[in-house]
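Note that the chains take the letters A, B, C, D and E in the order they are written out, and that residue 1 is the start of every chain.
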Amino acid sequence: MMAVASIRSVFAGRTFAQIGLVWLAFVALAAIFSPLIAPFDPYEIDPIARLTEPGWPHLFGTDHFGRDSFSRALYGARMTVLIGLGAVIVALLTGGLVGMLSAYFTRLGHVLMRGVDVLMAFPALLMALVLMTLLERSVMNTIIVIGVVYATTTARILFGMTLKLKGEVFVDAAVCSGAGHASILFRHILPNLVSPLLVQASFIFAFAQLQAAALDFLGLGLPPEVPSWGNMLSEERIYVTRAPWLLIFPGALIILSVFSMNLVGDAMRDSIDPRFKDDIAGV
Amino acid sequence: MSAQPLLDVRDLKVHFRTRGRTVRAVDGVSFDIAPGEVLGLVGESGCGKSTVGRALTQLERATAGQALFEGQDILSMSRRQFLPLRRHIQMIFQDPYASLNPRLTVAQTLSEPLFIHKIARSRKDAQARIAETLDLVGLGPEAMTRYPHEFSGGQRQRIGIARVMILEPKLVIADEAVSALDVSIQAQVLNLIKKLQRDSGMAMLFISHDLGVVRHISDRVAVMSAGKIVETGDKSAIFEAPQDAYTRRLLDSIPRIMPLKETS
Amino acid sequence: MALLDVENLEISIRFGHELLPVVRGVSFSVDENETLGIVGESGCGKSLTALAIMGLLEGSGVRVTGGRMRFGGRDLLAMSADERRHIMGNDMAMIFQEPMTSLNPVYRVGDQIIEALQQHRNLSRRAARRRAIELLDLVRIPEPDSRVDSFPHQLSGGQRQRVMIAMALSCDPKLLIADEPTTALDVTVQKEVLDLMLDLQKRTGTAIILISHDLGVIAETCNSVAVMYWGRLVETAPTDALFETLAHPYTRGLLHSIPAIDRDVDWLDAIPGRVPTIGEQIAGCPFHPRCPRAESRCRHEVPQPREIAPGHLVECHFPYGGDR
Amino acid sequence: MTITSWLKTATAAGAFLAIAGAAQAEGVLRYATVGEPPTLDQQVVTSDLATTIAQHVFEGLYTFDSSNSPVPLLAAGETISEDGKTITIALREGVKFHNGQDMTSADVVASLKRWGEFGSRGGLLFEHVESVEATGDHEIRITLSAPFGPWKNLMAFLNGGPAIYPASIVEGAGKEPLSPENYIGTGPYSFNAWEANRYVELVRFDDYVSPEGEADGYGGERVAEFDALRFIPVPDVGTRVSGLRAGDYDYAESIPGDLFAELEGDPNVNTILNGGPLFGLVFMNSSAGPLAENYALRRAIQQAIDKVPALQIAIGPEGLWRSNGSFLPEGNVWYTEAGTEAFSQGDAEGARAAAEAAGYTGEPIKFMVSTNYPFHYDTAIVYTKQLAQAGFNIDLQVYDWATLIEKRSQPDQWDMFFTHHGFVPDPILISVMNDNYPGWWATPEKAELKAAFTASSDPAERVDIWSQIQELIYEQVPTMKTGDVYTYNIASPELDGLGEATLIWPHFWNVSK
Amino acid sequence: MLFYTIKRLLALIPTLLAATMLVFLFVHLIPGDPASILLGDTATPEEVAALTRELGLDEPLWTQYLIWLGNVLQGDLGTSVFFGTPVLTVIADGAETSILLATMTMVWIVLFGVPIGIVSAMNKGRWIDQITSGGAMLFASIPTFWLGLYLILLFAVGLGWLPSSGFPSLTDTGGVTNLRYLILPSLTLAAPNAALIIRLVRASMLDVSREDHVRTARAKGLRPSRVAIRHIFRNALISVTAAFGFTFAALVSEAVVTETVFSLPGIGRLVVQSILRRDYPVIQGVILVIVVLYMFINLLVDLAYARLDPRISLK
């Protein structure tokens, strides 16, 4: 009940953010039900029906393998959700934990945050590139690499926010009540970080898509046969004039989804504790 | 006053190192508090009075000195050793908005110390105690399931007081406990604190910058300035015949409402 | 005619689609050489009243929704933004509660005073600087020659508030509005700053509106006092008269709530209940739920201001000292 | 500012920029390459890109004419002894190196010796060479241990071939590629600069002495019309196409088949087919893994595959590929249909049965492919599907080219991998003939045929032996040909003298703008 | 200030050392070896082994690292396996393009980002704000290469106004007019980052405008534009400056893609190509240079920060 009410209050009067939310819901539905709705097998190759223009039955046309782009786009929603959520989970679990513990245990923090500093000095895509070359191209590795890239910023952000919360009077009060480290960290500090973390998660989700698309473009992202929007763009990019639909549809899907996620993140950011607003970069 | 003080602070020093400089926040403070006694610690901002309170609850580590609580030096204790004593040394904080975790209900906030100190054996037991304590501070049992933001400032401070009282401590450190409250609410809370103190017989270190409030609640008063105590004494002595120049200046600065005549 | 005449001022805050009045029917006037104290607990609307007079509500979602304000005979509410700005900082100046944050941290204090001077006076930079040093000297800042080049963070809280005063006085305002000018300061500093303000008033004849929650400060400083409760002026009177009579039960309750510095009282005579929030609906006298003298009339009928003595207005059906 | 006036200003600004763009020097050919060559040292490098550039700088004793027959280039002519073991080659006189020196037999001997010892393809010939010596200022003699048929083809193939360098540079040079300051040849253009990542620039060599005769293929007269040739790396194919269309490049190589129709219809673009097709190869691991000795299983794999859909998908337009099982294209002297009935069967059921018979029980077969060449990847995807239908458990491993190259040298890492092969004028140059090439096909049957093949200098006999080798390839399946791919390049219509098709590597002598 | 700078520089050393170690480790864990790539298809294992030995790639990793580090300290980043020329030269060749590209991008970012951000903040909630902040967010949501692709199609292929790709050096024929080659790439690169700055300027200005001192400024009777620029923007600049370090990192990342799309001979593409070629010394060198540059820029940002905010003492 309370959650519903607060979601409503976050998005009240924000038409664009509402539209964004609806779009993301579509993406989520497509991701879940793609095997049911997709009219074709996204991997089915048809040398005869190559590069067909959009129409019936190929709503988004076909690519140079003769695969149905609409079905691939639907399955691509899966990758979008998977990469987004995966990167968020990796970033928050590793970076979040490092940041929180570093802020709370000052001495440990000295060491850990130094390490984070070192990693932060590597521009994100460069690090992802090197890591991806190091590992094999796979969905899992792409998720891990993008997650690790955002783990550093997440660690920084959580470090700052935890530090602020650590100085809060209610933490002092908990200490005076005799609460232990674990209880203070996870019962008193963490719940207060949930909403800023959600905002951060939404931005990671959005940027992970762009990062994954860039990796796909450079040929170091998801395995090329995987139907993802980034792969669709990158694999078919030479057809930009020959078969423009192959770039317009997946491009629009990426832009719409990243835009929506940003809109949603932005709306949520405006509703969180103003103390934490500065900590979350976003767009 | 009894011969054996409840708390005996000897030459307490708290120094902070920031950017290579040492700030002597508390620089050799000594006082004692007898059981059931209220000591007012008064001083201007930055004089170190709050740091004294924080050092006594180990929120800040003391640099030097001793603080004997029932004969045991609490300053030299580890966090773990100090844990059982926390029950007896409790703190009321200044800002009732900030001192309650916004994500926890009143019942959750109040049950935490009960379970940590194993006072409540069961959820039911805890519920009963919480209701009882809330009643003590003038709140109904319906408050239990609510979150801090649903209360007014005065009510929140009552919750803060309830969290302390639920442990039945021997010593309460009240750090500017009523400063953030509006005058009319401040009066209610002051009355409540005074009543609870008298009823339970707990001792109290009442830290405040407000001389009126300190006079109202304390038995004895210590005046602090620049990390040191400049004068300690019975409250009437301090307020009627201050010895120290600083104390005198402090008292002189207070605006007074002169033409006070009762008409009714 | 008074320098400032506020009549039936109503200020409302936008809350979703609703406009909730937060200050209602407030009337008072201030003359040259006079110090009017406005006292009340937090949220009673005293600061909003001050900002409304100054013209600083613009763009904050709060606005004046009724009444009139005349300054030197001119209707403030009818003025254009430009005209209003011409008065702001010039004929009318304001100092604020937080000396720590009210100065721009990135500019030297001298430059901030100079900026105010140059806005309204056609001065060369050099002359403005000279004047700024004079002003700093006037507000008793030691070594004004060098302090003029200090950044705000290099000054103590009291000094910063003095800089604010210097800035406010730079164009010789006719009216100075001081919103809780000493709340953030220690008592010893508070006394110095208040003394300074009164001293300067004596020299310049500036009218002052002093806003405070501290009855003591008001009593020591002001000629007359206006007590606000929940957006209304419940009692207005010359200071002596007010403290002599304490006609409104709220005024009286407020005074009794303060622990005295020079007497021992065992229990404070606290006002029960709590201050109502902005959105609350209270029929009749807004104070009646907390009032020891409330009767059924108070629950139904909104009291109108009554003059119980010359210059002593009370909004109460049953004021102390009044005829019941 | 109204919309119209804004548009006017914008158009004017655009026009200004466009004019400024046209200021680019007229005499420079800008060639968009797929990347950068590792080195231009032709003796040690087998990169096609390197040869495309380097053929303007370096020359060999022979080269190919338009019918892919070797013709003299730096050589004037040769005499071969009766027993076929002694070859005496006369050199053209008056040929100058870019450093101003005359080319003499000393330079040629030194160059051949280094090539024989360290050159990529030098070993193929020098296995059979007893000595190389100068017999005059402009004459050399090569003594063979036994007659060796393909010697002239090997000498004429510049890629990994015997480019002639000055003796002063090549004496003492080893396997290590020559450094750019030593890029001194006899070609119509001399090496000028190599700006890493930016371009390789060649400038006209004014003292060039051209061979006589009408230009024919790589043979005949060579005239350098441009002041300079610039080879600019533009790895992204879309950018190469857009760049040529926008007029930023005069020539762009390696354009995908699917764009052919569109580009051919574009008046601003000329398409130029490559005469010699390249072909994809799927190598099988003869050294380790389930396929090592199991020829029956390999044949089953071969049986499962229908090459046509893969070509349709990977290449596109019908005219650009041929489902041809012969390792050399139709019309070429080496064309043979021996064994090619097994080339493209697409018989899933038959393959399943054959695999079972060969003892295949569904163990995974590791198939490595790289994404650096889209047609490799596309083809591999189609094959994987077809093989899966025939019951094969294909584990498709997608790497970048560098990783694939490393992995393929480790026998335990793979069972099949995909690569391609450029057109070669002599089958001896095809990589599968090399016993050391990953896949390590070195059966006694191969050894026997190969020995006979190289020993014969009778063209007819050699063609016959080659057809037997091709048959053996279809039987033992060390590699699977995927079909011929006719690649094409695009050029600005302003270029004159390009001709309809490119022989092997596009060249820019006798070409002008 | 000088003392502070030196202190900060010294503090960078351990971070830098850790970074170099990481670079080295990462790069050498990448599968694929330069020798096989260099020698091509027909090389025998013996030849590959010989070249590997020659390149010193057969030594234990930590020995290689120490040798490399020692050389780096002497200013020698090694020799490119691929080009055979010193890594420093290879990087210097790419630096011209990258530096010009970055500078031009920064110019767009400041030129578009700051004024639009200010206008957006001053008109908070009105249509102009909704369009600019919405548009900014939209631009930040476009994949760089997609945008670049269409810019080429429109402005180079379609309209023929600007070159599509490549960048001849300023010293090449054409001189300064060659900068037009960088217009499209820099716009592509600027789009998402300018969007970021727009939103940052807007947000910081709104934050600052809620601060007490702005009320003081307004109480002086200053014009709204003066309050906005002199009091709000000047203070917002402090947090905007902090974002420039961040923007730099983002620029480097996106430059990798942009330089690839536009075939620019810059450092970004050099990295990608070198990774594909397994040219270890170049990869290491470039990453090292970028990391050093990044740290240096962060230091500059900190110094600028201190200049902008007198509360930060550099003593």
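Quick note on the criterion: contacts are C-beta pairs under 8 Å (C-beta built on N, C-alpha and C of every residue); 3 or more make two chains touch, one makes a residue touch a chain.
A quick note: this is a predicted structure, and the numbers were derived from the prediction, not measured.
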Any chain in contact with chain D as well as chain E: A
Neighbouring chains shared between chain B and chain C, ordered by label: none
Chain located farthest away, centre of chain A as origin (C-alpha): C
Between A-E and C-E, the pair joined by more C-beta contacts: A-E
Furthest chain, CA centroid comparison against chain B: D
Approximate Å spacing (C-alpha centroids) for the pair chain A, chain C: 51
Chain B and chain D: spacing of chain centres that average the CA atoms, whole Å: 88
Inter-centroid spacing, chain B versus chain A (mean Cα positions, whole Å): 47
Shared interface positions of chain D, touching two or more other chains: 238, 372, 400, 403
Touching two or more other chains - residues of chain C: none
Full enumeration of touching chain pairs: A-B, A-D, A-E, B-C, C-E, D-E
Chain E residues within the chain C interface of the complex: 211-223, 231, 234-235, 238, 308-311
List of chain A residues in touch with chain D within their complex: 43, 45, 47-48, 50-51, 64-66, 133, 136-137, 219-220, 223-225, 235, 237-242
Sites on chain D touched by chain A in the complex: 237-238, 241, 256, 258-259, 262, 308-309, 312-313, 316, 371-372, 374, 377-378, 381-382, 385, 396-400, 403
Chain E-touching residues of chain A, taken from the complex the two chains share: 16, 114-115, 117-126, 129-131, 133-134, 206, 210, 213-214, 217-218, 230, 233-234, 237, 240-241, 247, 251, 254-255, 258-259, 262-263, 266, 277-278, 281-283
Complex contact set, residues of chain B against chain C: 44-45, 152, 154-155, 182-188, 190-191, 194, 209-213, 215-217, 235-236, 239, 249-261, 263-264
